[in-house]
Each structure stands twice: as structure tokens, then as C-alpha cells.
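Just below sit the structures, each encoded as C-alpha cells.
Two complexes, one shared chain (chain A), two partners (chain B, chain C).
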Partner chain A sequence: MDKVKSPEESRKLLDKITFDLTRSIVKRDEFTNFWYFLLIIFALVGLWGWGIQIRDGLGVTGMRDYVSWGMYIANFVFFVAVSLIGFLISSALHLLKIKWSKVISRVAEQVAIAAVALAGIIIVTDMGRPDRFLNVFLHGRFASPIIWDVTVVTTYLTISVLLYYLPLIPDLALLRDKGTDDIPQWKRNIYRILALGWKGHAEQYKLIAHAMRILMILIIPVGLSIHTVTSWLFAATLRSGWDTTIFGPYFVAGAFVAGVAAVIIVMFLYRTRYGLKDYFEDYHFNMMGKLFVLVCLVYLYFNINEFLVPGYKMKTAESIHLSNLFTGKYSTMFWATQFFGLLLPITLMVNKYFRKPVPITIISVFVLIASWFKRYIIVIPTLEHPFLPVQNVPENFQHYAPTSIEIMITVFSFMAALLIITVLAKMFPVITIWEYAEEKGISREIISEPKK
Partner chain B sequence: MKKQIILTLVIALMSVFQGLAQEWLVPDDQKTLTNPSEYNLSNVKKGKDLYMKNCKSCHGDPGKHNGLPLVPAPPDVVSEKMQNNTDGELHYKITKGRGGMPQFEITISDDDRWRLINFIRNFDPSREQLLVDAPPKKAKLLASVNEVEKKVEIFAEVEDANGSFVTLTDAAVKISAKKAFGNLPIGEVLTNADGRAEYKIPETLIGDENGMVNIVVQLDEAYITDNVVLDAAKVGQLKPQPKLIKKEILWSTNENIQTWLLLSYLGAVGAAWAAIAYVVFQIFKIWRLGKE
Partner chain C sequence: MEKKSRRSFVKALGVSIGAAGVVGGSSILNSCTQVASTNSDTITLLTSSGELMKVDKSQLKPADLPSLSENQKRGREGLPGRKFVMVIDLSKCRNARQCMKACQNHHQLRPEQHHINVLQMQDAENTAPYYMPKPCQHCDNPPCTKVCPVNATFKREDGIVLIDNERCIGCRFCIAACPYSARVFNWFEPRDAEKYEGVTYNIEANVPQKKGTISKCLFSADRLRDGKLPSCVSACPNGVYWFGDQNEDAVTNGTTHETTSFSKLIKDNAAYTLMEELGTKPRVYYLPPKDRAFPFQGEIDQHHS
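Here is the complex of A and B:
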């Protein structure tokens, strides 16, 4: 924390911080409209595809009897993976008292909320009869990993929303009290309601700190569970490629890679679009880059375990699967994901230069795309080999390729996730103002004093 | 490329063998053997019984071309392929067998094998047909189950030349139990002089969970009747219920869920949501403080 400043200095600084951090809320130009237009159009096209799928049934997808999990499930795993970043940055690093990550925690929570919300929706799109969705809760089988997954996803979503909301309360009060007239009235009405009559009492701060602490501790088991249980959906079967004991940590490690990449991209977009150079500093990108290398190394370690050990043994069924990945039909995709998703980021980012905002963002884009394909490779090739003595099976049961409807719905999920992030960024400051101000040595009294 | 060459070779070889398969070579000394058993009604009848027991399952009913779809196919006895054999060839083929055709050297005596040939010759167009199947007659079949004594009581009538029904004597009545994949034959009785028959259901017959059996009663193909189906007769033993999925196992249904699993699940979910509820309560407290 910087040294305490005089009230006059403090007020001026706070005004500047508030001004900078509300720019995302105030700013509305042609580009904003265009961006919304783009997202909504693509999302609508996806919803239209979903309409067709509901009308005609899952036969419109490429999924058949053998490959009964296709692009939807791969996409689901991807989104669950991305959502895990909320747990890493706003809880794990916080509890470890790592300071630099504070600025980023709201971005991480935005990404987490958007991703986990979409993960839930994607599962519904994968259902042949979405109208029976409630049956999962009414008649679920407690011994089924699918029920565990549904439970943990909803729990994680709730905790993420609370983790996002709690530190937002003082900010909402601040905007309510000090917000300029540039902020549209309806937004300020929402702030007034959501601020819950925040007055900045010491008592209230204490409650927030207390509740945050509980959530941060709670999200550790829940966050680990969400992706571990997702991995169990696969690992609890006997299929080659899924039947492995390291799937839990393997998925969690991979999730951090995808999540860090997503957060860096969003950070960079905010930094350039909302002029937040002094907030998301080069320093933060540098630190994120180091974190990135670390999680990539952990993930690399798990990848080596996951492929080298069975590759050494080459058990009958396993060897079909592995050679399919290493040299067969999926080899291009497999090696591309390993290269762009792991080797490239590690080798580049150990170098300081590549941890600068622009290069690291470009690398993150590659890694994020690679992570998506990595999930595809985890789900589909295994299902294409049922390893049963089958006869007289239609050709299209044995191979899977997504149909245009599936692609439309998947595009919808991306657009919807971006839409959630955009709306959150347009509604609420992307950095916690009061925490940041406190960090700069501005006292709480000044933060919560009403506008003159 | 290499693969394709090998594949072509394999296919070529296979068709050569396929070609060989058409030709069933019989040693010359065997070919010319003559049938020592006389071609008369008694031998043909015995041959028919043997055929019904040993051959019909694959070769089907004579003249109906309803043999099993094997490759190569078991030919119908009326077919030219069958009849073009000399007696000696038939004898050799039945004795030695080949591929899908079993050998009967051990299971059927030599005399009986020659009788089978007599039966096959019954369908040789160049010979007088000794055994002629009469056209099927109309018949009526009544049956009921006596659950107490565990028997099926049967009464059969047949249409005589004048079109009126008279009791059917000495007719074979087949009794079977309807199962999921077809009828399981359980026995056969002959009707007596009154056209009646009684069939004692074996103690070992297994029914469904409640011991119920669906019994099918039918006459053979010489008669036209509807089969009598006696639904849900309580004459069988209770079907054993495997305990396999009835006990508590990790992946079981909710009724048989393992206690520790249920408790862990509910405990974890309960703890998480209790904590969430507590946090929401803190938010409520913040709101209350704000009102003061």
C-alpha cells in the first residue's frame, strides 16, 4: 500500500480512478453498437439452429449410436475448463496473499461466470428432450457422475456470482454517490438497488471481508471438484483413452492453461479499448505470463504421463487409440494442439519479451484455440472405437463429423459467452475501484463520502 | 498399394476355394456303391423319422426350400443338386460330412444312413413316390390347464369326409412354453380313442417371477388349426432373481445406493450450500446495516 496521502490529493486521485474505470460504462460509440449487433446476430443464428434441432431431434447432429458425445460435450468441457480460472486467480492467489492478481480478479470472475453459465446451457443443447431437463434433479441417480457434475456446476456458478457481486457492492455505492451524469439513469437505478444501501461502515466492510473469505475457501474444493467431476464423466468408463487415473488433475491443469489464456485476452481487450494502460500494466501481463508458463509446465507434465506411459505399454485396445492420435486420423490435430497449446507458449514465454501485452495476447489466442481442439481430441476419437465386435453397422455410426447445426450452436455458445462478458463490462467497472483506491493509499472515509 | 495387392490375392484365392466348394469329390469306389436297403414304404418311413430328427434343422422341409442360410447352403432334398448324386455319393457325403455338413459316421448306423437315402429317393422324380403327405385336414383343438395337478388337458376333433367334426385319435399334440425368443418345446402326447390327452407338466419348468408360464398347444402340420395359447398358467417354478444388482454397489440405482456414497454426496452438497446460505445471510446483514 502506498503511503497515506492528504485528503485533497486523495480526492483528486479517486476522481481520476473512478473516471478511468467507468469509461467502459460510459463509452458507447459506433463500435459498441456494431459489436452488440455482431454478437446478437451470431447468437440468433445459433438459436435458430437450436430450434431446428429441437424440432427435428438430435438426428440433425453428426452423433450416432457409437459417437454419442460430439462437439457439444467437447465444447462443454472447454467451457468448464475456462471457468476454473476464477477459482485460481480470485481465490487461490488471494489466499496466498499474492498482490498483483487483485486487479485481475474481476476479469477472472467475469470469464468464470460467462464460461460456467454457458457450460450449463451447452449441456441442455446436447439433450434430445430439453423439456425434460428438470428430471435430472427430480429423478437423478446419486451414484451417477453426471448428477455430481450437474450439482457442482450449479454450485460453482452460484459461488462465482457471489464472488463477483460481493466486492462489487462498495463500487456500486461509489458509482451511486459519485457517478457522473454520463452514466445513464437506468444504470444508476440498478446500482442503487444492488448497492443495498451501502454506507461504508467499518461493520459493513468487515462483513464483506468475512463473507469473501468464506467464499474463497469454499471455492477451492468446489472449483477442484467441478473439473475433476467433469473428468470422471470420462474416467469412470472402461474406454481406452478415458480409462486413466490421472484424468482429474490432468483436466484441472489443462483448465488453468485455457483459463489463463482467456483472461489475458480479455485483459488486453479492456486495456486497449477502455484505455486502462495504467491499470492492466505491462507488469501484470508479465506476471500473468510467468503464471502461464508455470501452468503450462504442469500440464505438460501431465500430458507426458498421460501419453508416454500407455504408449510404452501399448495394450491392445489402447494402442489402436494411441496410434490413431500419434500417426493416424487425428495426428495433425493432436500434434497441433500439443505444439500450439503447450510447447510454443512455454518456449516463447520463458523469454521476457514475449510476456509483453501484444505478444502474450497473440500466444493466448493460439493456446485458447488449441485448448478447444484438445477437448475435441479427448472426447471424439475414443468414441469412434467402441471396441465391441460389431457387424453390419451403418458407415456413419463409426465416424463422427459435426454437422452445420452443431457448428451453429457451438458458435452460439461462444457469442453468448462474449455477450455475457460484454454486458458485465458495460454494466460494472472491470476493476474493483475501492480495492484499487485503497491500494493507492486512499482512506475508506474518502471513498465512501458522498459527492459534494 | 501393397495392402491392395494382398487383398486382391486373398479374394482371388477365396473364389478358387469357393469354386472347389461347388465340387464335392467322392472317391470312385464309394461312388458306385449300391443301396443295400430295399426301397419300400417301411424303410422310407424310418428314413423320414431319421431325417426329421437329424437333418431337418438344417436342410428344412422337403420341397419347401427353407433350409438354414449357410454358405454353402444345405440343399433341399427335392433339389436336383441332391438328387443328381448317386446313392454311393449320398452315402459318402452323409457319412463323412464337409464344412457345415456334419459327419454322421458315428451317430447314425450304416443301415440307417442307407434308409435316409431311401427317404431322399422318395423325392426322386424318376421313382415312384412311396410316402405321400396327405393334404392337411381341418381340426379343432381345445386345451386347458389344471393348475392344481399341473397338467394340460387336451381335446381334439378333425373334419371327416362329410364335413362334420369327429374325435381325433392318435394324433401327436405338441406342448411348448412361450419364452422371450420363441417357443420352448417341453413335450408331446398322443390323443386317445376319445380324442383326449393329458400332459403332465414337468416339475422343472421355470416360469416368470411369479411362476407363470404361457403354454402353447399345437397339432402337427398335417392339421389346420389355430394354436391354443394358455396365458399365465401358474404351473412353473419361480424364476430365480439374480441378486447381482439388488445389493448396494457403487454404480447402483437410488434404491440400492451405497450409504457412504449417499452420505458423502449429501454431506458435501449440504455443506457447500449451507456456506452459500451463510454468505447470502451476510449480504442480508450488510443491507440491514445500510438501512440504519
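Here is the complex of A and C:
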């Protein structure tokens, strides 16, 4: 914390911080409209595709009786993976008293909320009978990993929303009291309601701090569970390629890689679009880069375990699966994901230059795309090679290729996730104002004093 | 078990008509040629082999039909005191595929949907290839029922693994879990959906099939309730299938109708179960394909006898 400033200095600084951090809320130009238009059009096209799928059946996808899970499930795993970053940055790093990550917490929670909400929607698009969704609650059997997944995903979403909302309350009150007139009136009305009559008493701050601490601790087992349980959807089966004991940690490690990449991209976009150079500093990208290398190394370790050990033994069914990945049909995709998703970020980002905002963002884009394809080759190749031969079925039962409907619905999911992030950024500050102001030595009395 | 008197045949007919409605498809009829040529007041019915037939109305009795919920309740419980078991003699299979045909007609399946699938197998590079009919293995430790999130697939007391397609949400976790690829999904509207419209769901035949739900071999549980052998077993012309009750230690051959001791049959012939190392404990036993009655021929299509 910087040294205490005079009230006058403090007020001026707070005004500047508030001005900078509400730029995302105020700013509305042609690009904003175009961006909304783009997101909504693509999202609608995806919903239209979903309509066709509901009318005609899941047969409009490339899935059939052997490859019965396809791009939807791969995409689901991807979104669950990305959402895990919320728990890493805004909880784990906080509890370890790491300071630099504070500024990034809200971005991480935005990404987490968008990703986990979409994961929930995607899984419904994969259902043969989405109209019977309530059966999951009416007839749920706790022996099924799907029920575990539903439980932890909804819990995680709830805790993530609270972790996003609680530190937002003082900000909402601040904007209610000090918000400039260029913030649209309807947004200020929403702030007034959501601020829940926050007054900034010491007792109130204490309650928030207390609640946050409980949530941060609670989200650790829940966060680990969501991706571990998601991995068990595969590991609980007997199939080669899925039947492995390290799937839980392997998925969690991979999730951090995807999530760090996603957060870096969003940070960079906010920094350039909303002029937040002084907030998301080079320093933060540098630190994120170091974290990135760390999680990539952990993931590399699990990859070596996952592929080297069965590759050494080459049991019958495993060897079919592995040669398919190493040298067969999926070899290009497999080696590309290993290269762009792991080796490239590790080798480049140990170098300081590549941890600067622009290079690290470009690397993150590659890593994020590679992470998506990595899930694709976790899900599909295994199903293409069951234990017994695939016979007496049409050609398209033997191989999987996504159809345009599947691609439409998958694009919808990306657009809907971006839409959630955009709406959150346009509605609420992307950095916690009061926490940031406190870091800069502004006292709580000044933060919560009403506008003159 | 097989030689049906005319009276019991008519009784079965009555049940099926009630189930199917006047023009709907029925699933229980077989050997319908016996009555196909009666006169005057006739009614058209669909047989289990997918053919239309005319039946004299006077032969029909009002059916004593359970309601849907009752049907599902008794379907979930199973037949008390039974433990069904199947033995497949691989030395007899010549890929006639009558089992597949009968099964698809009984269970309203499209040509690419197999409750039972005759596979061409070769265990190692230099070993002799053979044909292997593969129904659901009705495991005693079924990986599929474990993973079902809504209890739509379950193990009955009589050993049969069944599906309730009124409950199924179509998540296909059971397909992923089954190492035998025994399960199929209704990716589109099922075959002849219009014909089966309005027919009360029979959980023991999984008919009518429904779009977006799972199906699989049920050992023809509806026929077992009527004291008949499963469709595939009855349809086989080559004596491949033995079916019966482990509690009685008796299995009957679907072709020869010979009944023998189950334990002796599997002991004398060194029976095995598929992928026993997975711990699924199948209720389907295989007799090894030694001294095969028919040579294996590479082209399957020439073998529709």
C-alpha cells in the first residue's frame, strides 16, 4: 500500500481511477454496436441450428452409435476447463497473499462465469431429449458421475457469481454516489438496486471480507471437483484412452493452461480497448506469463505420463489408440496441440520479451485454440476404436466428422460466452475500484463519502 | 416351451392386438401363417416379422392389458425367481442373420440398428476367423446402468438389463460405458414411427422406440413373460442359441428345442464370456468356435441363406 495521501490528493486520484475504470461502461461507439450485432447474429444462427436439431433429432450431427459423443462434449470439456481459472486467480492466489493477481480477479471471474454458464448450456444441446432435462433432478441417481457433474457445476457457478458480486457491491455504491452523468441513467438505477444500500461502514467491509474468505476457501474443493468430475465422465468407462487413473489431475492441469490463456486475451482486449495501460500493466502480463509457464510445465508433466507410460507397454487396444494419435489419422492434430499448446509457450515465455503484452497475447491465442483441439482428440479418437469391430453399419458410423449444425451450435457457444463477458464489461467496472484505490493509499472514508 | 396349442396362440394374439390397437404394429406375434387364410370378417395385423396378415375377428379376445405405469412397474421388477442366461455356440454360426432380422422386426429397429449383431472375428493374425453373434451381455456388473443419471437403464432381478425410454434423457453415457458396443441410439425418428403412433409403450420390448433415446437387446423380455424364447433364439436356423434359466439349470436350443443342463453344457464345451478381464460378469456365454459346422467365407453378402 502506498503511503497515506492528503484528502485532497486522494479525492483527485479516486476521481481519476473512477473515470478510467468506468470508461468501459460509458464508451459506446460504432464498434460497440457492430460487436453486439456480430455476437447476436452468430448466436441466433446457432440457436436456429439447435432448433433444427430438436426437430429432426441428434442425427443431424455427425455422431452415431459408435462415436456417440462428439464436438459438443469436447466443447463442454473446453468450457469447463476455461472456467477453472476463476478459482485459480481469484481464490488460490488470493489466499496465498499474492498481490499482483488482485487486479485480474474480476477478469478471471468474468471468464469463469461465462465459461461455466455456457458449459451448462452446451451439455443440454448434447441431450437426445432436452425436454426431459428435469428428469436429472426428479430421478437423479447419485451413482452416476453426470449427477456429480451437475451438482458441482451449479455449485461452482453459484460461488463464482458470488465471488464476482460481493466485491462489486462497494463499487456499485461508489458509482451510485459518485458516478458521472455520462453513465446512462438506467445503469445507475441498476447500481442503486444492486448496491443493496451499501454505506461503507467498517462493519460492512468486515462482513464482505469475511464472506469472501469463506467463499474463496469453499471454491477450492468445488473448483477442483468440477474438472476432476468432468474427467471422470471418461475415466469411469472401460475404454482405452480414457481408462486411466491420472485423468483428474491431467484435466485440472490442462484447464489452468486454457484458462490463463483466456484471461490474458481478455486482459489485453480491455487494456487496448478501454485504455487501461496503467491498470493492466506490463508487470501484470509478465507475472501472468510466469504463471503460464508454470501451469504449462505441470501440464507437460501429466502429458508425458499420459502418453509415455501406455506407449511404452502398447497393450492391444491402447496401441491402436496411441498409433492413431502419434502417426495415424489424428497425428497432425495431436502434434499440433502438443506443439502450440505446450512446447511453444514454454520455450518462448521463459524469455522475458515474450511475456510482454503483445507477444504473450498472440501466444495465448494459439494456446487457447490448441486447448480446444486437445479436448477434441481426448473425446473422439477413443470412441472410434471400441473393443469389438464396427461392422454391419453404414460408412458414416465408422468415423466422426462434425456437421454444419454442430459447428453452428459450437460457434453459438463461443459467441454467447463472449456476449456474457461483453455485457459484464459494459455494465460493471472490469477492475475492482475500491480495492485498487485502497492499494493506492486512499482511505475508505473517502471512497464511501457521497458526492458533493 | 415351443409347441403352442391353438388356444394359447389366440390368447397371445389377443394381448398383442390390445397392445397395438386395431391397425397398429404388434410385437408378440409369430408363426402367423397358421391362421392367415380365414374368411369373412377379418382384420389386418402386423406380425413380428414385419408382414401384414388378416385374422378372423372371432378369434380375437379382448386383451387384459396393464396400464403404462403398471407395465413399467412390472417391467422394472422382472420375472420372479428367474435368472436368464444365454449360450451361443460359435461352432454352429454360419452368419445366416435370421437372428438380426427377427430382432429388428420385433424391436422396431432401422437396418443399421442392431440389438444383436453378427460380427466377423479373428482373435490373432494366424487364427481362424469365425462369426460371433453379439447381443447385449446382460452383465451382472453392468457398467451401463451404473452411469445412468436418471435410472432409465437398470438391472432386473431376473438378470435382464432393461431400458425405460419414457425416462431416458439421451445423454448416451451408457453407450460410452458399454465395452461391448451393445447399445444403439435413435438418432432420428425410429423406423415406421407412424405405424406405432399411439401404441402403449411396452418397456419389455422397448417398443415403440422413441427419437432421442437409447435402445438395446432386452432378451425379448416381453416374450419371456409369455413363456416364449427370445426372437433371435427362435429365429436361428442353425442351432446356435441356447436360452434358459440358470436357477433351473436348464437351457433350450431355439432351433432343435432340445433342453439340456446349462452347467453341463458350459462345462463340457469350455464356455467363456466376452472380455471377462473387465469384470462385467456377462450372462451370455460363448462356446468356442471349434469344429465349425460351416467354413468361414470372407464375403458376408453371399451368406444370406
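In this section, the second predicted complex is superposed on the first by the 450 of 452 C-alpha atoms of A that agree within 3 Å, B and C clash if a C-alpha of one lies under 4 Å from a C-alpha of the other, contacts with A are read in each partner's own complex, and residues count from 1 in each chain.
Rule of thumb we're sticking to: a residue touches a chain if its C-beta (ideal position, glycine included) is under 8 Å from a C-beta of that chain, and two chains touch if they have at least 3 such contacts.
Source: prediction; values computed, not measured.
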| item | value |
| --- | --- |
| Partners on chain A (chain B, chain C) - clash or fit | clash |
| Touching partner for A:T158 - first (chain B), second (chain C), both, neither | first |
| Touched partner set for A:P184, first chain B, second chain C, both or neither | neither |
| Partner chain in contact with A:G51 - chain B first, chain C second, else both or neither | neither |
| Which superposed partner A:G128 touches (first chain B, second chain C, both, neither) | second |
| Partner chain in contact with A:G275 - chain B first, chain C second, else both or neither | neither |
| Which of chain B and chain C A:L166 touches, first, second, both or neither | first |
| Which superposed partner A:I208 touches (first chain B, second chain C, both, neither) | first |
| Contacts of A:P450 with chain B and chain C, given as first, second, both or neither | neither |
| Partner chain in contact with A:P7 - chain B first, chain C second, else both or neither | neither |
| 99-107, 189-197 or 225-233: stretch of chain C that collides with chain B | 225-233 |
| Chain B and chain C footprints on chain A, overlapping residues | 141, 143-144 |
| List of chain A residues in touch with chain C within their complex | 56-59, 63-66, 68-69, 126-129, 132-133, 135-136, 138-141, 143-147, 150, 233-234, 236-239, 383, 386-394, 397 |
| In the complex with chain B, residue positions of chain A that touch it | 141-144, 148, 151, 155, 158-159, 162, 165-166, 169, 195-199, 201, 203-204, 207-208, 210-211, 214-215, 218, 221-222, 225 |
| Touching residues on chain C, where the partner in the complex is chain A | 100, 112-114, 117-121, 134, 143, 146-152, 167-173, 175-177, 179-181, 183-189, 211-214, 275, 278, 280, 300 |
| Parts of chain B lying in touch with chain A, wherever the complex brings them together | 250-254, 257-258, 261-262, 265-266, 268-269, 272-273, 275-276, 278-280, 282-283, 285-287, 289-291 |
